[in-house]
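Next up, some structures in structure tokens.
You will see subunit A twice below: alongside subunit B first, and alongside subunit C after that.
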Partner chain A sequence: MNKDQEGEKIVRTTVWSPGAGCHGGCGVKLHVKNGRLVKVEGDENHPWNQGRLCPRVLALTQYVYHPDRLLYPMKRAGERGEGKWTRISWDEAFDTIEKKLKEIRDQFGAESVLFCQGTGRDIGGPISFLAYAYGSPNWVQLGLAGQSCYTPRLAAMFATQGDYAVLDAGQFYEKRYDAPEWTPPKCIIVWANNPVPTCPDAFHGHWVVECMKRGAKVITVDTRTTWMASRSEIHLQIRPGTDGALALAMAHVIINEKLYDKEFVENWTFGFDELKERVQEYTPERVSAITWAPKEKIINAARLYAKSKPASIHWGLPVDQCPEGTTVAQAIAHLWCLTGNLDIPGGEVIARPAFGVTTYPFSSHELTALYGEEFVKKLTGKRIGAKVYPMVANFRGWAQPDMAVDQILTGDPYPIKAAWIQTTNILGGQAADTRKHYEALKKLDFNVVVDTFHNPTSMAVADIVLPAATFPEKESFRSWWAPLSVVVPAIKVGECKSDWEINLELARRFNPGAIRYKSVKELINDRLKPAGVTFDELAAEGSWMMPPEGHSSKPYRRYEKGLLRADGKPGFNTPTGKVEFWSKKYEEWDLDPLPYYDEPPESEVRTPELLKEYPLVMATGRRSSVYFHSEHRMIPWMREIDPDPIVEINTKTAADLGIGDGEWVYVENRRGRIKRKAKVTPTIHPKVVMVPHGWWYPETDGREPNLFGIWDINCNQLIPTGTQSRSGFGGGAYKTTLCRVRKLEKER
Partner chain B sequence: MRCYGMIIDIDKCTGCYNCFLACRDEHYGNDFPPIALAQPFQGHFWMQMNERERGIYPKVKVSFIPKPCMHCDDPPCAQASLSGAVYKRPDGIVIIDPEKSRGQKEILSSCPHRVIFWNEEKNIPQKCTLCAHLLDQGWGEPRCVEVCPTGALLFGDLNDPKSQISRIWNSKQVEVLHPEFELKPRVKYMGLPKRFIAGTVIFKDKDECAKEVKVTLTGRGKKQTLRTNNFGDFEFEGLEEGKEFTVKIEHSGYTPQSIKVQTKQDVYLGEILLKRSSKR
Partner chain C sequence: MARHGLLIDYEYCTGCHTCEVACKQEHNYPVGKWGIKVNEIVLETFDKITIDYIPFPTDLCNLCVQRTKEGIPPACVKHCQAGCMMYGPVKELVKTMEKKPKTVLFAPR
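Now for the complex of A and B:
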């Protein structure tokens, strides 16, 4: 913290939602004048973003001081959906919630309450903490079919490598691109992601651009021609959902042409011969027919990637949303292991939470370390989906979302009575089959929504609404992945409290014996202990700190140094101590130990009859630079840039359908229809339409039946639940359902 | 005396909108007399972002073209203004005087780049000032340049022979947006999208991509030759718009093909089948 000449205070802090909305990590300088945030700048000394920012943070004051922000707790005054609210005190809010949820716990058991969150924000830590303090195992991204967001990729990496890995852009080093230990990847596969506007999974999109400036050649796998795709050596414009086949064909080329890293495969992997046998059926010819990508391009992409060393893959969420997402992720992860790119500079670097500090538990191991083995085991027994899916039982703490919504409706095997909904707009955001989730949430006895704005979910189902603080208003900490950083409070807005503050208070009330922290800072300092640092010390140091050489959260080649396994032996943290092409864990979890390809539930191959009626693949979820999922539609300067819910449709396809640019159309299938504005563009594949998700109109009536317009424009109404992978994770059909598009005026 | 210039490198622009946002943030709600009054809350784009998509599936290119005021040396807006309401500062920045320009709506249509906006409430025309109020306080660059995450916006003093911008200002790769306007802009570009002619050559007899095939482009008094890549693809980029070219494809043992092409738009010729030549 320092002051400039005008008495303006500058607070250095770390971005982690709310406000920016995203997965966070950027260092910023908050300019505060008379207690008010006036400007945000990127912190040029922060290694994550080196001064860079995005439009959402540049317009942060519009978010923080928006007239519609929730500023104090409220309780419902009329019926659900009537939009009538009464202001209440925090004491009343906490007392009511404590009383209601304790009654439910006494009568039905703690498992009858779902603790629902959205994407990877600063929520996984506080909400799992609250759920476990209350005693419920049902921590869930309710509505996210197949829990298809990063968890499938994490599970595949955990099972086959014992650790997680990410594209290495020097992000574990203070000096970044100038760090002598680091070298840029010579080739990057940007697999199913548009990194610059996205910044996904604790990855800053500009890192890829910085690698490109340093010579990295790019291969892009994307059904759209993005900026990145049009600057790539090779663009594989594949059919959505066929990424697994593509990965297996690339492995076919790499293995059969002997382009793999013989030394690494020989010494550090298990099951190569079985993998070799498996990939034989995935010839480039066959996979070309599956994926629509020309055979030569598949072969050349495999060669370019395998012959470049180091080379790296940066992947995105469509991998999880492929059918059998966990096996697709496994197939792609095998590529970097075959080529010996794991944990080397400029390859795929093993990513562990900095200093071993846990914020957002990424695995059951982290949960166990926090809450004790016996307790976690006891809860897991009742976790939704754990009996059906061994992966759900054994990897990470999530309940299975498709089963969770069904269980609300059926009460089988036990009733669900309440939902704690925090940082997630289920009905305007991630929920597939929106109507089903609407009906399910309406059925519950008690719902609490914690958010920054009213949204379709809070309006439709909340009984109590609590106002969440944005990142400039809160104390928090972050170890996803490095550096270790803290979120430093600079301002106060209304009566808003941070998610940690709210959850700590309730956790203490639910479990006074176990929760000993008196303040959030005390909790943070306890969690920071592995790093030997306190919140205040980190805040004074500009808010961040990198792990030192020799620590297991610092690269490279930790498998040679014995830094990955609990027993201190060289090798990987897997049953065999090696990277497992044949996964012992998958085998143990009743899954095929080797990767394979499966068709989407609706497709030209699986449902050719349906294709006649609905000839286009509906992919959803492409990112906008100015929005994060269902957020920011009410931020004037963001909305001005991206004003309408569009559907991207290829120039030729649109011409065939008589649709002009800017015309309103229906996008429809058997499950329903939505209105969208056609964006006619050559960038999308002619057989695919891209429908951006998360749309609602905050400027319209929030009450029933309108609910900010979701029934008109929310594309998730066209997407089913229940398409999860055999593992329970992955397979949400957000990119693969079939649809048709027609002009609105033809409707009577 | 300083002499400011800006070069926008299209190859580095990812279309993130930070430049637009920083400009809005700087100028909304803040008066900087005598340089500019506050920008309205919405509707003005002193730094515009234009998305350009070229070609047809599967040959498509995407570019973003940020466009501020060009700060021309011969500014038509100055000529159109009355009583010296628009003037050029000695450092090259074109300023619309917020007092003198009141009511002069005709200034808007004088600009062929369409970068001047009307402020209804204040009754004045407004545009990019290159953040002259900051430069005058000693800043080295306007806000848009400061926030550009990829370094696509290069700004500096053209009179300083050591500045990065002055070293490349007159080089070949630096170009002008709409040179036909002949306005001598102080904002120049690199990598502006032009027209391309591309195609994919297939050996018809083998039904496979024709690698290493000689492709010659003639037109506009020039001749360029290249070879197809591993996918049988060829591409001539940076061509003039609205001109006629001839693409000739030759390979030993195959009948040569010659195709006449107009660059009214970007051209993807699709798959071009090369037939075996009959030896009789």
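Now for the complex of A and C:
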């Protein structure tokens, strides 16, 4: 490697979103030669990834310089869906958007514009900033039924513990596994997650592997036999959507066998007796029948977890997609509190944004801190879903997605006129009932899409398309737990702009009085103030910084030290100051204060008649090492590794249906039918099929009616909207919908 | 020079494909060309299903001489997400192998 020869420079930066796609956090060294990115290496001095990288970042040059990347703003030249575009200048793009959206605001009110994003990445900051500058409360992951991605788990933790917690893999310490403060968990429950292919929610999946090397025993809860399951002491291969019952049965064992942490429960929790009473109905026998997991395995798992100290749970998004996702999350979170594993080394560590820096609001509290109480209150009054669901009104700031799409179609209680769609391929990605979202978006007067590539959504509905910069092209910042880091620009590609740049410019036009920042850097420096550091200083330091000992964003046992509550008293940031097994907040939000189990909307128990026709559970969404949701299908090195939209079907089930490995099949239910290539494998439960999501064919015609093939292969067409939990968050039926599979006679 | 090789601890190889793409980037191999290829072995012959992954260095693997001569680990070894690959003289790697079960040693050239 010729470091300084031939004008090659190395820029140390943080990975977040476009390019890698993911939730980010890794430190990288970008090798830049003559203004061009030539190579990416992991930064061995970065505590997050310690030099390692995933396939997607290693293929970054293919993403950044892909011939299909959007490089300049465009406006639609023909009809929507005709694929005719005219190049325009940024000035024209900004002027048009300003004029159109101001007209709509004047005529229908700011709430008639939806600000739509995909999964929670770098985009959360800029898009909420823009929505609020414009004056709309309707910031939403449009299409994501029940907002079923982390928000339900965050809400459950916030309500019952006053803070968020994650598996402690030493991620708050520079020295990581060598930090003297840290010890590895003795037992890890990998609950509804496959940490190998991706890094969920500010957590690097392979940290679990590092804990295993240091002695952690694993219990896996997964309907598939994953690599992790094959390395586990106990594998609970449960029926999709029954996680809540399992958690309550484990609590049953832990409480009745007195395996809980008496000292912690006595001193730091509220509502234990009520929880004890509630779990009595969830006997391992009964829950075994609900979940398909053998009774002995449930009992043994509960004992292994409770008798290991420290022990930790690493959970995934399927928890949110369980029916009543917010109560399922509550039940699982109670396990780490019953066992006293909260905020101890190797347990569930309380995770706060480093130095208290806010990139984007995780709670209404942060929202209020950023935008003021009066303003937030005023907006909340109009937010879609806030009147129906107290949790939607009081936690975070999302509009309720299932209601949002219905409101576009009905205009009730007020009309929706436009959508700002940024970093989300709604129709090729997260939208349940794809056709409904297609029709809804088509109905709007004005749609802007900001992205890195054309995709089914931009092709079908965009009036203006803006080219977004990838992470090596931009300035941004990140305080999703720790460390505090900045994204440092190294290259320029076409006329692409970062989401922050685009949104700051428009925010200034929409609200000239309130927005005082003249540049993105000025905005970032302002937000970094609690850390006493500037963007340039952090960039010069290698792009990251850990909070110091004694800061409330640094572990451990902060509840003993009075670091969690605003009043400085010991305890938790909840109404009672304790971990609430019986949640006062849930009660206030008209919800059952205790966790319970509910059946999926379609299931062998709830809809036995339907099961006769559609005998398989369709679980979607298993992760791939080379894709992030609907991204990367056009990246040659990635597609080569995972080339086809498959359906995983059990060997015995396939044999019964006469389906051979590699054959094309239909996966269908009453909502529709898609084509998939059968991957016949013993690793999936015989009564379940796994259908990876986010599939479209970028290599095919993007124009209507083909739209890159989504109507043929996008599995979300088979999934309903409107299955949200009683809280409004959680319950998207992405893993629990019934289907059948049959052989397709002719190949695709 | 003493023969060098790659030691894989397949107890921890997760099949993440990082080694494959790290190698492709390092050598700029197009689609279809691999310096290393990950193999999946799924067996039902035990009382549970076992899943193992073993990355296999192909004839295109040059053990990243261009890096190692400068003291930088091979691209695959450096980036391996599970930290389960080692590079070094075969003689040294064998010593690790004596202590660690579920390992495999490749000396591609």
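Everything that follows uses one rule, which is that the second predicted complex is superposed on the first by the 740 of 748 C-alpha atoms of A that agree within 3 Å, B and C clash if a C-alpha of one lies under 4 Å from a C-alpha of the other, contacts with A are read in each partner's own complex, and residues count from 1 in each chain.
What we mean here is this: a residue touches a chain if its C-beta (ideal position, glycine included) is under 8 Å from a C-beta of that chain, and two chains touch if they have at least 3 such contacts.
Please read these numbers as outputs of a predicted model, since none were measured by experiment.
Partners subunit B and subunit C clash in the overlay (superposition on subunit A). In the superposed model, A:E588 lies in contact with neither subunit B nor subunit C. Residue contacts after overlaying the shared chain place A:K39 against subunit B and subunit C alike. When the two complexes are overlaid on their common chain A, residue A:K297 makes contact with subunit B while staying clear of subunit C.
By the touch criterion stated above, A:R52 is placed in contact with subunit B and with subunit C alike.
In the superposition on chain A, contact of A:H685 is made with subunit B only, not with subunit C.
Stretch 5-13 is the one of subunit B that runs into subunit C, the other listed stretches 5-13, 77-85, 203-211 or 239-247 having no clashing C-alpha atoms. Annotation: subunit A residues 39, 42, 52-55, 58-59, 196-197, 206, 209, 225-227, 230-231, 235, 625-626, 636-637, 640-641, 681-683 touch subunit B in one complex and subunit C in the other.
Contacts from subunit A toward subunit B in the complex involve residues 39, 42, 52-55, 58-59, 196-197, 206, 209, 225-227, 229-231, 235, 237, 294, 296-297, 300, 625-626, 636-637, 640-641, 650-652, 681-683, 685-686.
For subunit A in complex with subunit C, the residues that touch the partner chain are 1, 39-42, 44, 50-55, 58-59, 61, 196-197, 205-206, 209-210, 212-213, 225-227, 230-231, 235, 625-626, 636-638, 640-641, 681-683.
The residues of subunit C lying in touch with subunit A in their complex are 11-12, 14-18, 20-22, 24-26, 30-32, 42, 44, 48-53, 66-67, 70, 72, 78-83. Contacts from subunit B toward subunit A in the complex involve residues 11-12, 14-18, 20-22, 24-25, 41-43, 49, 53-58, 60-64, 147, 149-150, 209, 230-232.
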